[in-house]
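Two complexes come next, and they have one chain in common, chain A, joined by chain B in the first and chain C in the second.
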Partner chain A sequence: MKEVTLTVDGKKITVPAGTLLIDACEQNGIYIPRFCYHKHLFPSGNCRMCLVTIEKNPKPQPSCMTPVADGMVVHTNTPEVAEIRKAVLEFILINHPLDCPICDKAGECMLQDQYMEFSGDKSRFNETKVAKEKLYHFGEKIVYDAERCILCSRCVRITREVSKTNKLGILERGDRSYVALAHGDTLDDDPYAYCVTDNCPVGALTPTYFRFKERVWYLHKTPSVCAGCSRGCNIWIETKDNVIYRVRPRENDAVNKSWMCDFGREYYIYPPKNRAAGVKINHRAVDYGKFVSEVASLLKEHTKETAFVLSAYATNEELTLAKQLTEHLGIKGIFHKKDRVWQESTGEIREDDILIKEDKTPNMAGVKNAFPDAKDINDMVISDFKYAVVWGPGAPLDKVSGLELIVISAMVDQVWDKAKYNLAGRISAEKHGSFTNFEGITQDFRRAIKGENNYDELTFFVDLLKELGVKPIGRTVQEIQNAK
Partner chain B sequence: MDFTDAEKKEIAYLRTRYPDPRSLTLPLMWMIQKREGFVSNEAVDLIAAELEIPTIWVEEVRSWYSMFTEKKEGKFVLEVCNNISCAMLGSQDVIDHICEVLKIKVGETTPDGMFTLKTVECLGSCGTGPMMQVGDRYYELLDENKVEQILEDLRNGKEHEQKPQEWPEYK
Partner chain C sequence: MSHKKILLNFERNGTSHTLDSYLKRGGYQTLAEKIPALSPTEVMEEVKKSGIRGRGGAGFPAGIKWSFLPKDSDKPVYLICNGDEGEPGTFKDRVIMEENPHMLIEGMILACYAINAKHAYIYIRGEYGFALERVRAAVKEAYDAGYLGKPLKGTNYVPEITVHKGAGAYVVGDETGLMNSIEGKKGQTRNKPPFPAIEGLYKCPTIINNVETLASVPWIIANGGEAYHKIGTEKSSGTKLLSVSGHVRKPGVYEVELGYSFMDFLNNEAGGIIGGRKLKAVIPGGSSTPVLLPEDIKDMTIDYESIAAAGSSLGSGAVIVIAEGTCMVKLLEVLTHFYHHESCGQCTPCREGTGWLHQVVKRIEEGKGKMEDLDLLTSITKHIAFHTVCPLGDAACGPVDSFVEKFREEFEEHIKQGGCPYGGKFVRFQEKV
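The block that comes next holds the complex of A and B.
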């Protein structure tokens, strides 16, 4: 690719031709303030916060709309640029309501941050601010505050370029402008609607599930990977006191850019009601140690008659141990299943050409890597087996008889209810591990919340192996990953 | 609501001149505005469907131009300039007088549907302020008596001839 060399603040930098000046600077350690520019959206150049001066150019130029050119001499740290930034901030703040104390964005607001960094000036505006609508429901999911809006049009471009629903627009002109939906429309059926709230530079768009719930600086952010489908969007799970308050996309150019779908988000925010709990034999709570030893001896005794049904929610590290276990015992009947399938009735999207995949489990690729010979559970000949270890929900075994079930699952379903042996497992937010997405990209995630009254599957396999007198490949995610 | 046959023919012709259908938003909106006197939400849907573009794009255009209105307005829309030159020449007195005569406030329509009163920004006739625009015609050098006469003429269907304004003599 053709490269060009330019000078920024006296430093020579070389970037591919066609790069926008704002990105060229950022890649070389010079951050240019901005509101409307977003690296995953088409530039719109309306906020003017990114103005820089370019030699031989009579006027300051928006760096988000200016492609680099050979020999360009750019200044971003002169007193003139500092003055421009102050002026732009003063202008944007003229009609801004300054309700930071009651604004959910406070603490992560670009207007707050950039004002503190680039201005700090007192307002000279003594006139009355333009008052606008502060509670405009864009459907059930999102609330819009027209006073806080700085009209950067990011949200409009998200519905235009990302979700492609073209739902949002800007009505009226000048200081009367506001973002709106078409008459009678709502954002509820936009599968990427929450993305507008993450990427609004100010607190103009807030998700109803998070409004007034918690100040953002109290939230603990954990990097995780969405388990909603096989895309494996990178996410932040934001928690306090073991409760998930908010979920947001974590930027990853190779997987999900800056976005994630609303189903993925709601999967964490509204946790499923049918969570499994406890450890039971014959529907009675038992000691975990007893459970491990009983299951171990059962597997040892009935190896040939035991089917082992894998979970596509399993982490790669758990699968490594499961493989060690089945190989050690010599279990031959190994099957994979779809733990969760698309359900039309919930309004969930089956698949689109944006992010959402039809495979609604996060680690089918990991299962197939670890167990290339595993067969589809629908091809299982039930009469060949007397026992089945069923890992994860969704096994089509609820109607069959003649099988004694050992179920390890985070979810209660009919198979769980039928089982003789039950061990409640954990969802991905409750454990460390990694998933491999449909493109073969393996991504680590960290535990965001502690599991309550359930058991880490990884530890269970470690204990099972020890019970059988085998040294596990590793006892933690770290050890297993290092051993590979 | 639908386009008339004549309008449909016109649209077919216009399509040959505007390769991007989105650009037809304005001509189509004019058709509706002229025919109905306003562009309702239903009309917005009609235009969006005709051009196969998102509804919000059509709404954006309607709200951007003050020539398009969402609600039905009076037969005569009095657009009185309230910008600086006219204001200095006494436009507020004219506006107050219209309000008094018609018993409406700015932005309202008389119950008989005859008049709507609006204030607008500079119409480029600053030298002959106070002034107002009604339909396609400018009424200039207004004062209270003159505006009252104009209202009466309009109500009685008396046509005002459009002729170049004679310049006043300034002393």
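The block that comes next holds the complex of A and C.
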């Protein structure tokens, strides 16, 4: 690709032709403050915070709208540019309410942060602020505060360019402008609606599930990967006291850019009610050690008669151990299944050309990598088997009924209820490991919350292997990944 | 001094807008007589030779603007006639559209031919109901008579014109805002570059000219660019429509040759100051141009260079005359209110700053000002001007800066006195009977 060389603050930098100045600077360690610019949206150039001076250009130029050019000489640290930034911040704060103490965005607000970094001046504005609507429900998911809004138009561009619903627009003119929906419309049926709240630079758009729930600086952020479908959007799970308060997309240009769908988010925010708990044999709670030894001896005795049904929620590391286990025992009947399928009744989207995939499990690709010979559970001949290890939810009941079942699952379903041996497993937020998405990209995620009254499948397989007298490939995610 | 009449070369008898009347005074002759012998490039060359400068306000030479079109583009080219005459004090295009619309249409046909436009639009501001009616009727007449919609004589070129009504927004007077409006979007301007000649209407190369500029083209083609260049001064050629308002005896639209003495114009054409009062100030080119004092205009002539030398701009040729006894603070309050009301709200400095300016000026006018406010005003304008997407921000600052600079004492008087020495309202000046 063609490259151009320009000078920024006396430093020569070389970037690909066509790069926007604001990105070129950022890639070279010079951060230019911005509100309306977002690297995954078409630039709009309206906030004027990113103005810089370019030699031979009489007016300061918005760096978010200016492609780099060979020989361009740019200044971002001159007193003139500093003054422009102060002035833009002063202008924005004229009509912005100073209700940071009750604003959910406080602590991660671009206006707060950039004001502290680039201005800190007292306002000279002694007139009356424009009064606007403070509580405007964009449906049940999102609330808009027009006074806090700085009209950067990011949300408008998200509905236009990301979700393509074109639901939001800016009405009125001048300092009376506000973001609005068409009359009677809501954002509830926009599958990417929460993205507008993540990317609002101020606290104008807030998600109802998080409003007034917690101050952001008390939240612990864990990098994770969404298990809602096979896209594997990168996410932050934000927790406090072992409770998930908020889920937000984590930037990854290769997978989900800066977005994620609302179904994925709600998957974490509203945890399923039918969680499995405990370790049981014949529906009676037993000691975990007893469970491991009984299962181990059962599998050893009935290797030929046992079907092993894999979970597409399993991490790659768990699958490595499962493979070691089945190979050691010589289990041949290995099957994969879709742990979760598209549920039309909940209004979930089957598939779109944005992020949502039809395969609603996170690691089918990992399953197929680890067990290339595994067959679909629908092709299983039930008369071949007497026992079945069913891992994860969603196994079709008719395929396993009549067998003696060992179920390891985080969810209670009909198969769980029919099982002789039950071990409650964990959901991905409670696990550490990696998933491989439908494109073959393997991504690590960390444990965000502790499991309660359930067992890590990885540890279970380690214990099972030990019980069988085999040295597991590794005892932790790290060891297994290093061993590979 | 009698002036050459190019645009207002007719008697205002109530029929000048019709095709019959226009044909009687030699209209549409360029199409039959000149076009068959002229190539598009030659038409463009004539306009370049004439040296005519854009009459909308910026004063950029029209022929040079046309030559910015990309030569190797496979996209269609559009022509837009900017009839969104929104600058306070300006009402000159209205006269052309209402009284002489066929001259505009002929000019547009010639311009379309020169730039090989696929389609042309006339954008008329929402408030100009009558002008819209007249232009629509004229375009229909031109279609019926075969000047539009059929190939020009001796060529394959078919000119097409659509009349588009605006919805009433000052900011749409800016070319990119106008294009967004035609495209059906909110009337907000675009960042430049890209300039319209490269990427304009529907992202295609677009030429946009003022009504007065385009209406001058038929005369230029009929008489040659050099003949036009001989009128007026070397750098400001041709005639210019001036719309005079304010405290003069004979407000209205006048066509003068550029280079004419401003005081002569004021005393002869405009009839002098009403009520025999003394001149206090003049805004020479529409409300956004800096105000001038009587001593600034003594030797000023009406052309781009001379007015620029006096510290202002010819702009759209909207002369606002202000007589002694007018409160300049009140006047500024009215102007800042206008810009606050018309700010589109797209970019921060203008959206927030124009409202701030208005509130401060209003406070001074009401006697609640402080001395620091005057420096505050100039500091606000410094941060708006040239930092916005479009020139509305600059336009809002022009009057504030010049009023505060040239009438600082009057502002201080308001502050010291705690009120308006003129009673807080405009006085209606009348002729002494």
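Simple rule for what comes next: the second predicted complex is superposed on the first by the 480 of 484 C-alpha atoms of A that agree within 3 Å, B and C clash if a C-alpha of one lies under 4 Å from a C-alpha of the other, contacts with A are read in each partner's own complex, and residues count from 1 in each chain.
What we mean here is this: contacts are C-beta pairs under 8 Å (C-beta built on N, C-alpha and C of every residue); 3 or more make two chains touch, one makes a residue touch a chain.
Remember, it's a predicted structure, so these values are computed and weren't measured experimentally.
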| item | value |
| --- | --- |
| Chain C versus chain B on the shared chain A, clash or fit after superposition | clash |
| Chain B versus chain C as contact partner of A:183, first or second or both or neither | first |
| Which superposed partner A:106 touches (first chain B, second chain C, both, neither) | neither |
| Chain B versus chain C, judged by how many residues of chain A each one touches | C |
| Touching partner for A:172 - first (chain B), second (chain C), both, neither | both |
| Contacts of A:400 with chain B and chain C, given as first, second, both or neither | neither |
| Touching partner for A:468 - first (chain B), second (chain C), both, neither | neither |
| Shared chain A contacts, counted only where both chain B and chain C touch the same residue | 169-170, 172-173 |
| Contacting residues of chain A [partner chain C, same complex] | 45-49, 51, 58-60, 62, 65, 83-84, 87-88, 90-92, 94-95, 124-125, 127-128, 130, 150-151, 169-170, 172-177 |
| Residues on chain B engaged by chain A in the complex (per definition of touch) | 41, 44, 54-57, 59-60, 63-64 |
| Interface residues, chain A side, partner chain B - complex | 166-173, 180-185 |
| Residue ranges of chain C touching chain A (in the complex, touch as defined) | 169, 186, 191, 340-349, 351-356, 359-360, 363, 376, 379, 383, 386-389 |
